[in-house]
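Next come two complexes, and both contain subunit A; in the first it sits with subunit B, in the second with subunit C.
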Partner chain A sequence: MVKHYGMAMDLSRCIGCHACSIACKIENGLEVGMNWHRVETIGEPGAKVGEDLPAGTFPDLSMYWLPIPCMHCINPPCMAVCPASAISKRADGIVLIDKEKCIGCKYCVWACPYEVPQFNPLDGTVEKCTFCAHRVDQGEEPFCVHVCVYGARVFGDINDPHSEVSKLIARKHGRVLLPEQGVEPAVYYLGP
Partner chain B sequence: MKLTRREFMKTAAVLSGAVGADLGSGGKVLHALSESKVPLAQEIKTGVVTCPGNGCHQNCGLRAYVQDGVVVKIDAAPFPDPAVTHACVKGLASGRWLYHPERLKYPMKRVGERGSGQWERISWEEALDTIASKTKEARDQYGSQSVWIAPGSSSYYNRLGNDVGARLGNLLEGVEGWGWFTSGDNASLAATGLLFGYYWFFGDHIRDAVNYKTYVLWGYNLAESAPRDMKYLLEAKERGTKIVYVGPVFNKTAAVADWFIPVKHGGDSALALGMMNLMIEGGLYDVEHLKSYTCGPLLVRSDNGLYLRESDIEAGGSEENYVVWDSVTNTAVVVPPGTAPVPDLNPSLLGTYTVDGIECKPAFQLLADRAAEYPLGRASQLSGVPQETIREFAMELATTEKVYHNVGTGPGRAYHGTLESRAPFTLAVVTGHLGIMRAGGASATLNSITQATEAKTVPVFVGDLTQGIKDGTYPVKVYINVGSNKFWSSPNARITWIEGVLPKLDLFVTYEVFMTWTAQYADIVLPDTTIFESLNLSTPEDHLLLTQPLVEPMYDCKSDTDFWPELAQRLGFGEYFDKTAEGWIEEQLASGDPSVEGITLERLKSEGIVRVNAPPTPLHYPRPCRTPSGRIEFYNEILLPIGEELPIHKDSLEQEQFGSKYPLNLITTRIMFFMQSMYTNVDFLREIIPDPYLEINPTDADARGIGNGDVARVFNDRGEFKVKARISQALGPGTLNTPHHFWPEDFIEGHPSLVIGPAEEDINPIQRVYPTFGNNGSATGCLWDCLVEVEKA
Partner chain C sequence: MGIEYSLLILTLFSGLAIGSTSLAAVAELGDFTQKSERFKEVSKWGAYLALPCLIIGLAASVFHLGRPLAFLNGLSNLGSSWISREGVFGILFLILVAIYALFWFLAGRGGAVSKVWRLVVGILSTLSALALVFSTGMAYAMVRAIPAWNTPLTILFFAVSAFLLGTLLVGTTLAVRSLMAKSVEEKAVLLASLQPFAGLGTILVITLIVVGGLRLIHLSVATTQAAGQSLSLVTSSLLGLTLARVIIGMVLPLVAMAYAWSKVRSRPETINTWMIVSFVCVLAGEVMARALFFLTAVHV
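== the complex of A and B ==
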């Protein structure tokens, strides 16, 4: 089967430290205000990024975290709506925006159910997580995976049943976010 | 012209005269390089550096990627033992700290009033000459105790500079403050000192969490206080260990735990005593452990509270030997100090006995009597933990074979803080749950370079020192404060420093990386290098890590390792400072200890991180203990004068002072994105936590008409601060929390420091009778014994 890179997020190993988000900014040279990756607190509805607001009534509470990179969907809705053909999918499944072609219309921003693409007001184009394609091409993992000391992120070929990521998804019954959207995201969530 | 980012960086550096003022980020460099297929290895070199953030005491190793003299990226440095390889969110963001545009760039003297913000650039020569002449003047006029040199820093890791500074401090025989204000840590350590005669519980045994059925964290927010250790907890949980978190706030550690026990701050003692009462009533305690290894069977005299000694009942008997009541022969039997079980002896743990006309009870009976003062209702009322939860928790602990109690630093930040740790530890003693395994334990033993001659600073408990400076007991005129944001970390900066100590000083020097709250009030501010720019040696777990300068000293910054010798030269002590930084490190390594044998500076330079020779040894808690009786002592004669010979719950000092005037307990917890007052100005981290906030339970907020995001005014008799309210279920009614990392400029008005009692308050009276912790600080300090009211601003 053709290769498709994807990720598994083991939520039982995520403590919401945001190291992945910071690592992404540093690796990809993002300025303040630009975030290709975010970590949401799942607790009290409406909690903003960084607000650890548990759900429930003290002391019966619960809280966990949801790291959100680009899902590098099998059917990327961003690519489908782009009028400038600036969004493409590589043979390995990685979805990229070509900033030279992007006209900054933000259709992709509206089309993405995961609110991933970010409009950069400095250059008037849209950017997003590349799965660190520049690292992947050098045989390295995405930097967010590399820095996750708790082992909450695993990267690999989700179409290869023998890959670590596929085995983990199978063993821990990985699920995707918003499956009803039909975009077939390549990022799976395990637990918590 | 379209510049690559790298070219831009160079240009920007030239234009601004400030290397990488907006940088710390090399991502686009790497991206561009990969696109142009230039092999990375030709462009980037890497080096190891001890993480600047020192306050977690984890000393992680970072790997910095350096390009053209600029750190462009950071990740975790690989350790010989991969378990130690770690970089948290702060370490990763350290480049933004290193290249922060607001770094102090050159020495300055104030030209307006203290705190007016009016400065003039001066040369290092002028700074050094001024400091030297003021120091000489003060010593001539007021004697050696007029100088307070405070090397030491939690603002970045700097062991070498601290030690070289301490060397000069000792030679000057000035004063030295010990027992720092914030040290709830030390309150907990003192508890272990009392129980075991040895500070043994802190350390690496968290690796053993996986070996326990139940792992209890008392006020230890591991996820946010010790992120490296957190991975062991997650690993243990995945493999079936039940994690229990006991604390006032539902934080990241509580969220990961299987069970959150909501205790009011200052209530851990009542909770533990209440549970001990249930256990003792139900006969659910470890009889053999108590008889053989603890003070439980030792008889205590009813008339004076002292242990019955052999000398009390036999002419010529030893004062060092104790007496137990043997239940087999119904006689008093003398036992020497030590913990070995005595064959054919079955000492009583309970009862009242008369020996030679002296009424006595075994220490365990006294503990049982004390615990009985905490029946379920009272324990629940004092601790805030529901009665049913206390019962369930007690039964779980009493009936589980392998339980570990890890008592953190939060509980100790209370009035009589040591009590808050002693009670949970005593609970562990009663059930015999004292860690059996302890992997690790090995560490490097280095030479101390702080002592050049017999001369030594005079250590003074810091509350006494600040009070003594105010009232003239200590004639301190020159205070050189290095890398420590004392205004921020002290209880009440206004009372303690601004209106207290500062007016008495002729010269206040602060040596810093940034213009902190403390530096703002200095007479001379000196710009420090960071650890990225200087040589240093650290000891993460069982490794040695040599940090070599990765970037040139920036601006006109100078490492304090180089500063102290120059000052010493001017003060006539130059002969004791004849080494370079490398020479000092060689001397540190020349301890002759087997742990570092064969580890040379040259080897460290080539390998960066080296594992020490001593293998990790499984440790038991020390048997015999280093207590007077050689047993675990939950009954401490030394504390009779303050009525704390046994664990007990005491109300907060604020309740004594304010009564019910201020009903809310303000605590100031740590969050993992900042380190003490450091990293608080790092832009990437402030994107995650933009502003300070006040966590308040909806019950308290509703009663005061405070809505989410409203500006709240927090106040008491001492002062006030204004901050945005965050209505949250993470804490219970009666408690307020604001993270302790923020600077005054981050608040709408004021600062939490201003509502907290001053340093002179005798917050942990135990340090008066148990000052054994010496220069490392004793049982002291707390910022959380603080009652306030809050209103919508």
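== the complex of A and C ==
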């Protein structure tokens, strides 16, 4: 089967330290205000961004963190709507934006169910997580996986049933965000 | 989502151009088949007005881009992107409507362009205009991540809005010319042209109200949380804007045009004032409708 890189994130291991987001910014040299990888707190509804407020009443409290990189979907809606053919999918499943072709129309921002692509006002183009394709090409993992203190992330070929990531997804019943959107994301979540 | 002002201008002005061109071609076809010149002014002004409106709309669309100078790149994904298709149909429409307006200009100066050729260009302009409004609607309607847009009603909204805007733009131009006409004959010709406008406008406003109602029903029956949030915005923080849109953009013009329609035979000159009032109200209403379109767009 054709290789398709993906990721499994064990939410029961994630402590919301945001090291992945910071690592992403450093590795990819992101401008101030740009964030290719966000971590949402799933707790009290209506809590402000950055406020880690649990839902419920003591002692029945619940809260967890949901890291959201680009899902590198099997059917990426951003690629279908891009009028400039600036978004492409590599043979290994990684979805990339060609900034030379991008015209900054922002339709990919609207089309992405996960609100991942970000418009960069400094150069007038849209950008997003690349799964650190430059590192993957060197045989390394994406930097967010490399820095995750608690080993909450596993990266690999989700089409290879013998890969660590596939085994983990199968064993821990990995699920995807917004499956009803039909985009078949390559990022799976394990845990709560 | 915030208001995308350049896209608001694009859809408003391209709507004006699409509606006035379609009206012009239909009027010209009617005159051609009836061998009359009753709606000559409608066709001529429809063609004249469409051109500047389309230029303004397309210019706004370019300035919406982060890299306006690279706008030609945006035509390179015709296979799957409705934005690319919208761009191609927009340029095609611009070329055709420019020729159509030129033919009318030449006709006014004793030019040699035959009526048949002018009619053919008018019909082709209308077909490209219809393709443009369909592409615009599809560009939003296919965004599954925004349930408020993800419905065929989005296409219907842009289409009905365009026909109403164009009809009233041409009608208002003729009404102003009628009010300023110096001779009785000229006034009579313009009033005869304007006669069907009140009825047509009334029907289009009713259609717009129905489409607006169906869009609200679509949101209320959708099962996603985002659709519920969109509906909640309409009934809470955006209630004032929604009511203003309904009253100014729908109720007032409906009353004005229905009244003018009822007086078509007894007091035909009544239509002049009410046509202008209706156009101003509908224009304001459609600006608000587009603002609401973007403000109520909530991601899944």
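In the analysis below, the second predicted complex is superposed on the first by the 188 of 192 C-alpha atoms of A that agree within 3 Å, B and C clash if a C-alpha of one lies under 4 Å from a C-alpha of the other, contacts with A are read in each partner's own complex, and residues count from 1 in each chain.
Just so it is clear, contacts are C-beta pairs under 8 Å (C-beta built on N, C-alpha and C of every residue); 3 or more make two chains touch, one makes a residue touch a chain.
Here the structure is a predicted model, which is why all the values come from computation and not from measurement.
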item	value
Room on subunit A for both subunit B and subunit C (clash or fit)	fit
Touched partner set for A:K106, first subunit B, second subunit C, both or neither	second
Per-residue contact with subunit A, leading partner among subunit C and subunit B	B
Following superposition on chain A: angle at subunit A, subunit B versus subunit C, Cα, nearest 10°	130
First (subunit B), second (subunit C), both or neither touched by A:P121	second
Partner chain(s) touched by A:G139 [first = subunit B, second = subunit C, both, neither]	neither
Subunit B versus subunit C as contact partner of A:P45, first or second or both or neither	neither
Per-pair minimum CA distance [subunit C against subunit B, superposed on A] in Å	17
Common ground on subunit A, meaning residues reached by subunit C in one complex and by subunit B in the other	none
Subunit B partner contacts - residues on subunit A that touch it in the complex	12-13, 15-19, 21-23, 25-30, 32-33, 35, 44, 49-59, 61-64, 134-135, 137-138, 143, 146-147, 149-151
Residue ranges of subunit A in contact with subunit C within the complex	77, 80-86, 101-107, 110-113, 115, 119-121, 123-126, 178, 181-182
Residue ranges of subunit C in contact with subunit A within the complex	1, 64-67, 70-71, 73-77, 80-84, 87, 139, 142-146, 297, 299-300
Touching residues (chain side subunit B, partner subunit A) in the complex	5, 24-31, 34-35, 40, 73-76, 85-89, 92-93, 95, 223, 227-228, 230-231, 234, 237-238, 250-252, 254-256, 260-262, 672-673, 683-685, 687-690, 697, 726, 728-733
